[in-house]
Every structure is written in C-alpha cells, then in structure tokens.
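In what follows, chain A forms one complex with chain B and a second complex with chain C.
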Partner chain A sequence: MLDSMASSCGEWLKGNGPDSDIVMSSRIRLARNLADYPFIKRCTDIDRASIESTVREKLKTGKEFKDQTFINVAELDNLDRQFLVERQLISRELADAEGARAVAIDGLERMSLMVNEEDHLRIQVMKSGFDLQAAWDQINQVDDRIEEQLNYAFHKDLGYLTACPTNVGTGMRVSVLVHLPALVITKHIEKVFRTFQRINLVVRGLYGEGSQAMGDFYQVSNQITLGKSEEELIKQVGDVVPVLINYERKARDFLISGENQHNLFDQVSRAYGTLQNAQQISSEETMYLLSQVRMGVNLGLIGDLEIPTINKLFIHTQPAHLQKLRRNELDTMERNIERANYLKQHLKSDLSDDAEMN
Partner chain B sequence: MLDSMASSCGEWLKGNGPDSDIVMSSRIRLARNLADYPFIKRCTDIDRASIESTVREKLKTGKEFKDQTFINVAELDNLDRQFLVERQLISRELADAEGARAVAIDGLERMSLMVNEEDHLRIQVMKSGFDLQAAWDQINQVDDRIEEQLNYAFHKDLGYLTACPTNVGTGMRVSVLVHLPALVITKHIEKVFRTFQRINLVVRGLYGEGSQAMGDFYQVSNQITLGKSEEELIKQVGDVVPVLINYERKARDFLISGENQHNLFDQVSRAYGTLQNAQQISSEETMYLLSQVRMGVNLGLIGDLEIPTINKLFIHTQPAHLQKLRRNELDTMERNIERANYLKQHLKSDLSDDAEMN
Partner chain C sequence: MKCQNCEKPATFHITDLTGDELLALHLCPDCAKEYLKSDDDVEEAPTITGVLQQQLKLEQTAEDLKELDSRECPICGISFYEFRQSGRLGCPNDYACFAGELEPLLVNVHGDNVHVGKRPKRGSEDMEMQTETIRLRREMKEAVENEDYEKASQLRDRIRAIEGDS
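Entry: the complex of A and B
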C-alpha cells in the first residue's frame, strides 16, 4: 500500500474545500484511551501488543472501518515510517516510539487512527479547505462507532481521560492549516500570532521549527480542551480563522496593487522558473519557492498551473517520498537532484499531472 | 537606418568565426589624420565641418564604400547616439563630442569609420570569432583606398601621426573580445590578467568598468603601437589569445568534471530559467545570467538555444536598444520590464528567433 501511495495523494490536498486558496486543510483529532489498560507510559510490552490487537480486531467489524488498512508501524523500516510522517498520517512520536503500534488509514487519506501513540487511540479526520463542521460530523460518528466496540476511559466530571492533562475533557484538538505567504512578506505574521496566543490559540509552523514556517504554512489550533465542549472548541478556532483569512487576503491585495505588483509578479515568476529549471534543489528552497508559486496561482499571476498540483508537490518533494518513488535510499545530494527532476517533470505540463492525480 | 538596425544585428555576432565559443570578435582599428588640418583639439568648428564634408565627399567615389551609410552624429538625439555606442559602432567619446562628426557603417556592420573622434579618422573592422588576419586584410585594403583619396599625416621615421602619442606609428589597435566565465568562476582571471600586463597587453571589461567585466567579456589589446609593424602587433595579440582560450577551456573542463558538474549544470539551468521567467530585470543581472547561459550552451548543458541568439541578446537588451525597439523613452523600471519581456519572447522558441536574425 505504501508503494502505491508514493505517487498518489490524500483527498485533503485536492484544494476543493472552502477558502482553499488560503486554508490548506481542516483537521480534528481525538485522544482516547481504553479503560482496561494503564496509560501508555505505564504499559508493558504485552499491554501494548494487547491494545494493538484488540483495536485491530474490534474495528474489523464496523462498516465505518471497511476502507481502513491496518499498518503495523513496528514492522516498517525507517523510510516507510518517515514517509507516513511526511504524509501527515502518523506523528513523529508514533514513528519513533517502541513496541507494538499501528495506524489505520483509508485509500483517500480522509481518516487516520493511530494506536499506541501518546494515548491508546488517536483518531484524526482531515478535510480540504476550511470545513471544521464536516470534519467534526465525520469524527464524531467514527468516535461513536468505536465507543460501541471498546470501553473508553471516561470520568463523568472530567470527561475523556488522557495521558497528558492538557488533553483531558474532550481529548480534542482542532487544527486549521493556513497558507500565509503575504503576511510573511509584509512582516505582519508575528503580530497576528501574538494576538492569537492571547486568546489561547496555538500557532506553529507546519514542521514546528522556528517562527518562519516551511512554505509559509501555519497550523492554528486550540491550546486547552478542559472545561469546554467540542462545539465550543470548534467555534473558538472556527471564529478566528475567517479573521486570519481576511488579514492574508488584505496583505495579498496590498502586494498586487500599485507599484508592488511588478515586484510580486517578478518574484512569483522567478520562483516558478527556478522550480522548473533547477538541477538540484533542497527541501527548504523548494518549500519556499512553492509557497510563492501557490500564492501566484491563487492571484492569477501564473496561468498554467493548478493548486492541487502544487499542494501535492509540497508533500511529494519531501525526502522519504522521493526515496519511495525511486525505491532507493538516496543521500542529500542525490535527493536534491531527484527533487529537481521531480519538480521539472511535474511542472512541465499540468495536464499530464492532473491525469495522474485522479 | 537606425530604426531597422534595432531588430537586426551585426555579422560579427553570428558566432560562426574560429573559436567563437570563447572569442566573440576580432577587431582592428586604425587612427588616421589628414595632413591639411590640425589635430582635433586644435580644430575650429569650421575645420571640423570641413574635415567631415571632405571625408564624406571623397569616400563616395570608392567602391569599397558603396555599402557604407554616412550618419551625421551631430544631428542624432541622445538615444540614437547611445544606441550606436551600445552597438559598438561608435565610441562614447564620439557620442559625447561636440561639433561636426560622423560615422560610416555598412548594413552588416563589418566596418565603421568614425570622423572627428580623437583623430580625424578612426577606421574599424570587426570579424566573428578569432580571425585577426581577415580583419587585417580587410582594413589594410580599406586604408589603402582611403589613402588614395586623402592626404594622411605621415612622418617617414615616426609613421602615422596621431593626436595621442600612444597611437603614433601604425595608429593601430588590435582587440580580441573574449568570453571568460569559467576563469571568473574559478577565480583565475586576475592572475591571468596580471601576466598579460607584463607583456604590454591591455585587458579590460567590455564596458571598461572595474575588474569584473559585464557578462564576463574581456577585451585583449595591444598597449603601444610605436616601434612595431602592423604584423608584429597582430602577432603579439594573436600569439597570446590561443593561450587564453586554452586557459578558459581548461577551467570549463574543470567545472564540468566530477562533483562540480552538478553545481555548474544547476547554476546554468537556473540562469536560463530566470531569464525566461523574470518579469523585470536589470541590465547587469541580464549580462550576468546570459554569460552563464552562453557557457552552458557551449558546454552542451542547454540544448534548445543557439549562440547567435545569446550574442544578439547581449546587445539588444541594453537600454537604448530597448527604447529604440519600443520607439519610446523608458525610465529604469519600464526598461527592466521591457527587457524581461524581450528576453521571454526571444528565449521561448529559438527557431522563430533564428528566422528573425537572417
């Protein structure tokens, strides 16, 4: 399954959801634990194996899970684990953990279910664009079906019990992945984020490194789950994202108005030209240039390229993806050459690329 | 005539002469003065006008000059004078001079004859590639024909008399324009030039500014003319150019060998991509990138582009050329946009460009 995934991509990258010029994806995850086992840190190897097999067996029976493939993460090699991390289907924590652990995913990557991460179960649903309600409807239903099969650790006053106190209550994290290149260029991004922190929202780069996110992607999510209902948490994030979308749109309007527009058009076109012509290129530079091209396409500055193609390139030009495609381990320099070839091939003719995506 | 020249180019840019991967052109100029007039600095306005009309009238009769068009430089506007400087048909000195002055040029720009520059006459012949003998054969014949019509200032011991003592004797300057990007990249250029200076050869950038020549073009020429025959001067420059060609070829070999080749290929491809995609671009950046692309084509790293196209772009992307093409005065920013459009248009399909050149 992983091999065929290397050339496909998840439904949430198709860029057809609401406001998907700015919002890449809406994502909700629930942390759940089984009442009959200690929390992961206290689990023996036998406990972990038992949790893994219990979840696997129980889920087989539900129709919600018939499309899910159960992948034994412990049996995967480093490259395959890294591949699933890049794909945003498992966390780096699950990849690096020890003992029995698994993930269940469907062919369209709409849902992933991690077993034996920080909690016994981490259920995640992803939607294209800004669509928290659809994500919530789906994950709520999935959670109900699982609860029919498994005995969740639940306290009548506290709610769902979780390994880390910050997740106790709903066990829910609501995340919206936003693309904010214009706020980065106009240097307004830091100010916006300081404001968000004051209202208990977390903002971090896509790869959680530093304040300049890779490819200008930022994840906005709730900080605490306790004392609020699921609907309130969704509303908290959901209310603020339109404000952010508005800020980014205004920054883009500024960049394409007056004298600025020549600079922006030039910057975007050169980025596109470099991606099409480089013979070796790092992951960082690729993200940086793809970000500008993505904005350029959304602003109508580049005509012959589609958003799904760019979204896919963000994912597929990562190290493990390139190595899976080549079915070979590659060192940094080999990857930089392979990445440049991959970009050249996929930016040459958008039509052939679209055909491949469907 | 100047308007039609804006879209054509001189024969010496066709890149079909010997060693034209490295040698852009071979050029010989002769400084001559009329015995019946004082040197230019001592001329009255009437003297200058008289020299100009005398030369024009006398040359009409010779068959060597039937293809030459006589252009009254004093009557040209700034833009047209700048245009002829960019075209390397007149010197900046002639453009900026005062009073009656002229230039005679032929449609293929093989020869130019400046009247009332530093000397009464400056005859120049240009050939594609490394071909000093052909340049000498032609200019020698032209000089003989002029001498049949006009009474040159000549001293039996000193030779031809000129306004500046450095030109006395043969009045000849032999110049070879070489493209040395690999010696620049490998930082050997300064060392090579110091060696040349020790043997009385002048090396300067194409535009005579600083040590990093625009587009990595350097002009190698003799420093003194006195006490040597024409053949000796040609031999002096002619002997050293093959050494220079050899240095540059070795530097290129180094750059396309081993690990280096990935970097070079990447650098050249990105340069090509930027030239094709920029929406605004300065003259300096254009020269810098065209230089890399020119080397790339010569090394077989770029397949769909011809040397004459690149040679032409070096000339045609200069400020006055762009303004002549648009038949409009353009400020710096407008020129940068126009230059980018011109490059895009001429680098898109090489076939259409070739058709235009012939």
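Entry: the complex of A and C
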C-alpha cells in the first residue's frame, strides 16, 4: 500500500478548497485515552500490545472504518516510517517510539488514527484548503463511532483525560497550514506571530513541534484545550485565518507593485531556473525555492506551471519520498543528485522544446 | 554571484523590510541559515514542566516539595516527582490523586479548569470501576515479577471478569 501511495499526493497537498493559494490544509486532531489502561508512560509492553489489538478489533466491526488500512508501525522499516511522517499521517513521536504502535489510514488520506502515540488514540482529519467546519463534522462523527466501541477516560469536570495536562478537556488541536512567503520576505511574519501568541495561538513549522518553518509553511493552532467548547476553539483559530490571508495578500501586493516588481520577478525566475537546472540540490534549498516559485505562480509571474504540480514536488522531493519513488535507498549525496534529476524531469522548460524546433 | 559574507555562491536572495527601505541580501545557504536563525526570536510556548516548576517554586517550601515528590498514585504508582520531571501523567486517576497541584497548573495553562465541550454519549462514567482495572493490571505485573503466578492468574481472572461486564 505504501508504495502505491508514493506517487500520489494525499488530501493536504491536493491544492484545492477555499483560499488554497495561501491555506494548504485544515486539520483537527483529538487526543483520547482508554479508561481501563494506564497512560502510555506507565504502560507495560503487554498493555501496549493489548491496546493496539483492542483498537484494531473494535474498528473492524464499525462500517465507518471499512476503508481504513491498519498499519503496524513497529514492523515498518525506517524509510517507510519516515515516509508516513512526510505525508503527515503519523507524528515523528510515533515513528521514533518503541513497542506496539499502529496507524489506521483511509485511501484518500483524509483521516489517520494513531494508536499508542503520546495518548492511546490520536484521531486526525485533514481537509484541503480552509475548511475547518468540514474537518470538525467528520472527526466528531468518527469520535462518536469509536466511543460506541471503546470506553474513553473522561472526567465530568475535566473532560477527556490526556497524558499531558496541556491537552485535557476537549483534547482537540485545530491547525491550519498556511503558505506565507511574502510575509517572510517582508519580515512581517514575526510581528504577526507575536500577536498570535498573545491570543493563545501557537505557530509551528510544517512538521509540528520543534520543526523549522520549511518552505515558508506555518501551522497555526490553538494553545488551550480546556474551558472552551470545540466550536469556540475552531472559531478562535478560524477567525484569525482570514486576517492572515489578508496580511499575506497585502505583502504580495507590495512585492509586486512599483519597482519591487522587478526584484520579485527576478527572484522568482532565478528560483525557477535553479530548480530546472541544478545538478544536485538539498531538500532544504528545494523547499526554499519551490516556495518562491509557488508564490510566483499564484501571482501570475510564471505561466507554464500548475499549483498541484508544485505541491506534488514539495512532497516528492523529501528524502523518504524520493527514495520510495526511486525504489532504492540513497545516501544524502545520491539523494541530492536524484532530487535535481527529478525536478528537471518535472519542470521541463518550454524553451528547450523551442530550441529543438529551431 | 558570491555570498556577501563569504566566498561561496549565493543561492538565497532575501529582501529585508524591517525598516522603511528594502535591503537586498545575497547569501550562501550556510550564511542564510545563520541570518534567518538570528532573526527567529519568536518565544517558545511555555512547557508544562516549566510552568509547573515556576508554580511549585512560589507555593512550596523545600520540605513540602520533598514530601509532595514522594507521593504516589495508588492506581498506577507514578510519583509526583516523575510527573513533574516528564510532564506526563501515568493514568486517569492521577487527575484525582494530584488534583490539588494540577488545579492551579490547569488554570495557569488553560485559564480555566472546567470542561465545557463535548461529552461521551454513554451513560454514567464510573471512574472507580475503570481505574480498578488499571490497578489490577499493575498488581498482576508485580505478581509476575515476584514469580507469584497463582496470584497473577487470580488477578487476570478478575480483570477478565470486569472487562466482560463492560
């Protein structure tokens, strides 16, 4: 199954949905624990194995989960685990953990259900573009179905009980993944994020806690989980997204107006040229350049490229994806060469065709 | 084009707009990383262990803290010390066992200590009944470790009986 997934994109990189030039995806996750087991930290190997098999068996019976494939993460090799991390289907924590652990994924990669992460269950639903309501409707329903099968740890005053007190209550994290290259170039990004911190929002890089903001992608999510309802938390994050979109659009307008335009056009064209012609290129530089090209396409500065193609390149040029696509394990040096080849193949310029015709 | 800070080729072209004027920078990947990093002073969100440490410093004398640290949850056996070191609790009962310490922590982190969101549709949640299984599992593990297999098998039967009921 993982091999066939490699050539496609998954929901969050589809590149459609509302405001998808800036908002890549909307995501909601719920942290849940079974009432009759200790939290992961105090679980024995037997407990972990028992939680995994209990969840797997119970899910089998629900028709909502018939499209879910249950993957035993402990049995995967490093490359496959890294591959799932790159696709945002499992967390780094789950990939690097030890002992029985699993993930259930649906064919469209809209939902993933991690077993034995920091909590017994981490349910996640993703939607392309800015669509938190749709994500909530789906995950709420999935949560209801699981609750019919399994007994959640719940306290009448504290809500859903979680291993870390920062998640207790709703156990919910609402995240919107945004692409903000113009705010980065104009250096307004930190000011915006400092403002967000004051209103209890967290900003992280593409791959969650501690990850740097690769390719100008940022995740905006709620900090608190207790004392506000799910709808209020969704509103809290949802309300700032239009503001953020507006800021980014203004910064883009600024960059494309007057004299700045030449600088931006030059920068974007050079980025595109490098991606088309490099002989070896790191994953970081690829992300950095693709980000500029993506903005260039959105601003109409590059005409012969589609956003879905760029989104695909973002994921396919990551280390594990590149190796899966080449069906070969590669070291860093080999990867940098393969990555350049892959980019060349997929970003063929029309100029070379013209040259042939002449 | 060469990097303006060193001799390597410049591949990063950054436009700085901190003031009113545009400042163009041409940097190699290494210098660019350094430049972007030095600017990245967005504060990290406070960690749970950090908040807790702050709170305990204000409220506890060293002796009190020592006593508190040695307190253990009767269900999962985690000590308060282990919790405050890792920031992770051991079982649902810890929320009751360490309620006095957790309440100010929750208010500190969330600004609130009462859940107002979704509730499971299932009827009455019997916390004690549920944590009972966790305690029995721990006792079973300890019995196995002490090679008291008779006790272990009795405990296993009791766990099965409880699980069968639910």
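In the analysis below, the second predicted complex is superposed on the first by the 342 of 358 C-alpha atoms of A that agree within 3 Å, B and C clash if a C-alpha of one lies under 4 Å from a C-alpha of the other, contacts with A are read in each partner's own complex, and residues count from 1 in each chain.
Throughout what follows, a contact is a pair of C-beta atoms (placed from the backbone, for glycine too) under 8 Å apart; a residue touches a chain by one contact, two chains touch by 3 or more.
Note that the coordinates shown come from a computational prediction; the quantities given were computed from them, not determined experimentally.
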Between chain B (first) and chain C (second), which does A:274 come into contact with in this model arrangement: first, second, both, or neither?
both
Contact-wise, after the overlay, does A:35 reach chain B, chain C, both or neither (first, second, both, neither)?
second
Applying the document's definition of touch, where does A:262 land relative to chain B and chain C: first, second, both, or neither?
first
Name the chain, either chain B or chain C, that contacts more residues of chain A.
C
First, second, both or neither for A:21, with chain B first and chain C second:
neither
Based on the superposed arrangement, let me know which partner A:225 touches: chain B (first), chain C (second), both, or neither?
second
Touch test for A:333: chain B only (first), chain C only (second), both, or neither?
first
Just which bits of chain A does chain B share with chain C as contact spots?
263, 270, 274
Looking at the complex, which residues from chain A come into contact with chain C?
33, 35-42, 44, 46-47, 118, 140, 143-144, 147, 151-161, 163-166, 168-170, 172, 185-188, 190, 193-194, 197, 200, 202-203, 223-230, 233, 255, 260, 263, 267, 270, 274, 282, 284-285, 288
For the complex, which residues does chain B have touching chain A?
262-263, 265-266, 269-270, 272-274, 276-281, 333, 337, 340
Chain A touches which residues of chain C in the complex?
11-18, 22, 24, 29, 39-43, 45, 48, 75-78, 86-92, 95-96, 102, 105-106, 109-122, 125, 127, 130-131, 133-134, 137-138, 141, 162-163, 166
